[in-house]
């Protein structure tokens, strides 16, 4: 079901390319948490946590953890220069008022029009939406990083999400182990392809029809 | 000897008189961080039941407010997620526990609104999502549909502070601030568990996060008595 | 030499490109205290007109935002009072100036709501007072009638900070904080005039009042250039 | 029109008696600002300012003013021990959520049922309501201190306020240079009388009928 570390890092590396100097970025758990490792030095990026940190740094070295300095998942982090603390209301105010330049999230399903389902599997897992709806609906750019297919081999990029939605028409980009899609008003556009795959393979594994970018790029990393 | 000028500094035993069956308790904390450990234990020891709890999440089974969920004292929860506490999910599934989920930012604002004496707030987060919209009132502002999300208050609010002074002025530690300043404002009675109680005038007036007027009682903390997930092997 | 890591630190001359006829400007300050003097003068020098101003009050005729009222650049005001600026009263009476009055606490929350991405708030303050209620939408919560008070935002917000760092993190001085943190959040473009600009990392993360993400530009201040009422004989 | 300093101080002194240790109190301008001078030492009282001070102290000595430390009227103040700053939204949150134990305000008119008019004289003075409505509607106890009559000699305690209301049924106590009234569900109750006046004189000068407290007190200061 899961992807290997190498592939997960490739996805994270591609997502990192979207991040520009000075941006405020919120990362979900899983693959998104690998993104900071792939930012070139020289880019200053501020990472946002829903519990009230603007300017979150990497994990501390073992033994240096501070139980009062943790990310929204409850794991120890550090601070960047220029960081600040706020309460959760303000942290979500930043989200709702569009101050988050990019959020990078996992997903269960994404539709061709950018609908996102990532918070619930009815009858199975009902964990609550947490901050997923706020982020998906309000971040300036929502990037989904996920396996291309679920454990049954079915495309997670779907015509219509069958799982309950997190937010409608919110996803701008989908990055999987096979390819990168942009969500455009005309539908999905294949913009990048990982070098082990062909466009035909991707068509077979993707439930939704997609266009191909004129500047289609092959990712060799 | 610290002057107890406002008679707010007290002990856990005194506080227990406020704990009653069926009451609503609001708690600070985010994944257990910033949840007052001594007050959680006092609630468990008091054996009160049929509680309504309001807070960000349900911590972990043995961490934070999760301990009160685990001890089956809770009838109803208003939270944004329960993902880290399987007991909450289990009790919900078997019908022992009723849960109202609110998007995290909406929940934070509902708590703040309660504390600030507002009736509620307007937000469009979740307005097109059935589980959030439910049968809530809506209104149109500039042609856009907003949910009317109502304010939340509690009989008792419990928070965990880094330092308190005798007026109840509070500062928090790093990301343990999270929902604590919001929750501190929204209790009819607010009890702060403080790692340190300092003399009046010692906290920088510019740096005080929760003005003491929102705090009714202060108890000294013995610190966190659970093991964090990342400390467990 | 201070590293301008985020390209937010600039000069008044650069800022002037954002000033346009007919725009909405929101300003920090309370009785002139906490209103950015250099930005006020820049607006006057820019000679833009037909402005809508949003803020707590209109200062005094020669103090704070009052100077822009006095210079007749304003078409419309959203404020809680004009008592200390006779010019505002005079222009209102002779029809040159349209004024929407909002109770002070309601106004503060409307500005905060704008900054926090909310559609508005529910309050019962003024619900039974005609001049406040007007034709506003209302709603019932738990049998009580609340006014729906809509969020306020602005094309440009101007605030006065004690210290800023290159990310735009701000701290304020004492009661000059007042509406500044609220106004700082509610501008599509927010410009902070700072008494001092310090290197990144120098401000205590616990003590930052306005996180830099809300601030787009920082200009150095030359300080207040008016005489306070209590300084005048 | 105005009252002399001595009389103003008597009114302030009577108002000060209502304030208990530990209370949070908001004072209007004019006579209310004299109240702190009449608090007995030993009572710790926190004074609240709408601009964001909890724990405001007296005026500084001349030459020690800080232009960034002022009350809501814009005049320099100092800080008490235990004071804190907040933004105006929080300062009004304290008011709306009922944390202000007492507010002491001036008034243009007060009705027998405690309606308050203190913010506008239509066609004459339209200053805006500032924080008057928030305070009048939400403080736990609203005490009005004012001249008994206006400059034309008409009672300012009226059957029905003819001026626009600040808030309905909000006043609990009225203190004038003649007397003190409590506003009760049965109407006004005369509780104190300043020693230079008689009940008959007060009846003549008061538009509203009032009861007389069984423990009517004569104020000799």
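As written, the chains take the letters A, B, C and D, and residue 1 is the first residue of each chain.
Quick note on the criterion: contacts are C-beta pairs under 8 Å (C-beta built on N, C-alpha and C of every residue); 3 or more make two chains touch, one makes a residue touch a chain.
Everything numeric here is computed off the predicted structure, so don't read it as measured data.
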| item | value |
| --- | --- |
| Comparison of B-D and A-B by number of C-beta pairs in contact, larger one | A-B |
| Reference chain C; chain at largest CA-centroid distance | A |
| Interchain centroid distance [CA atoms averaged], chain B/chain D, Å | 36 |
| Whole-Å separation of chain centres (CA-atom averages), chain C against chain D | 29 |
| Distance between the centres, which are taken as Cα means, of chain D and chain A, whole angstrom | 57 |
| Junction residues of chain D, two or more chains touched | 85-86, 89, 92-93, 95-96, 138 |
| Residues of chain C engaged with two or more neighbouring chains | 109, 116-118, 123-124, 174, 205-206 |
| Pairs of chains satisfying the touch condition | A-B, A-C, B-C, B-D, C-D |
| For the chain C and chain D complex, residues of the former touching the latter | 30-34, 56-57, 60, 79-84, 89, 92-93, 99, 101, 103-106, 108-109, 111-112, 123-126, 128-132, 162, 173-182, 209, 224, 228-231 |
| Contact set on chain A toward chain C in their complex | 22, 24, 44, 46, 48, 54-55, 79, 81-86, 89-90, 92-99, 138 |
| Of all residues in chain C, those that touch chain B in their complex | 109, 113, 116-124, 137, 139, 141-142, 144, 146, 148, 150-151, 171, 174, 204-207 |
| Touching residues (chain side chain A, partner chain B) in the complex | 49-53, 65-76, 85-89, 91-93, 95-96, 120, 125-134, 137-138, 164-168 |
| Chain D partner contacts - residues on chain B that touch it in the complex | 5-7, 115-118, 165-167, 169, 185, 200-201, 203, 205-206, 208, 211-214 |
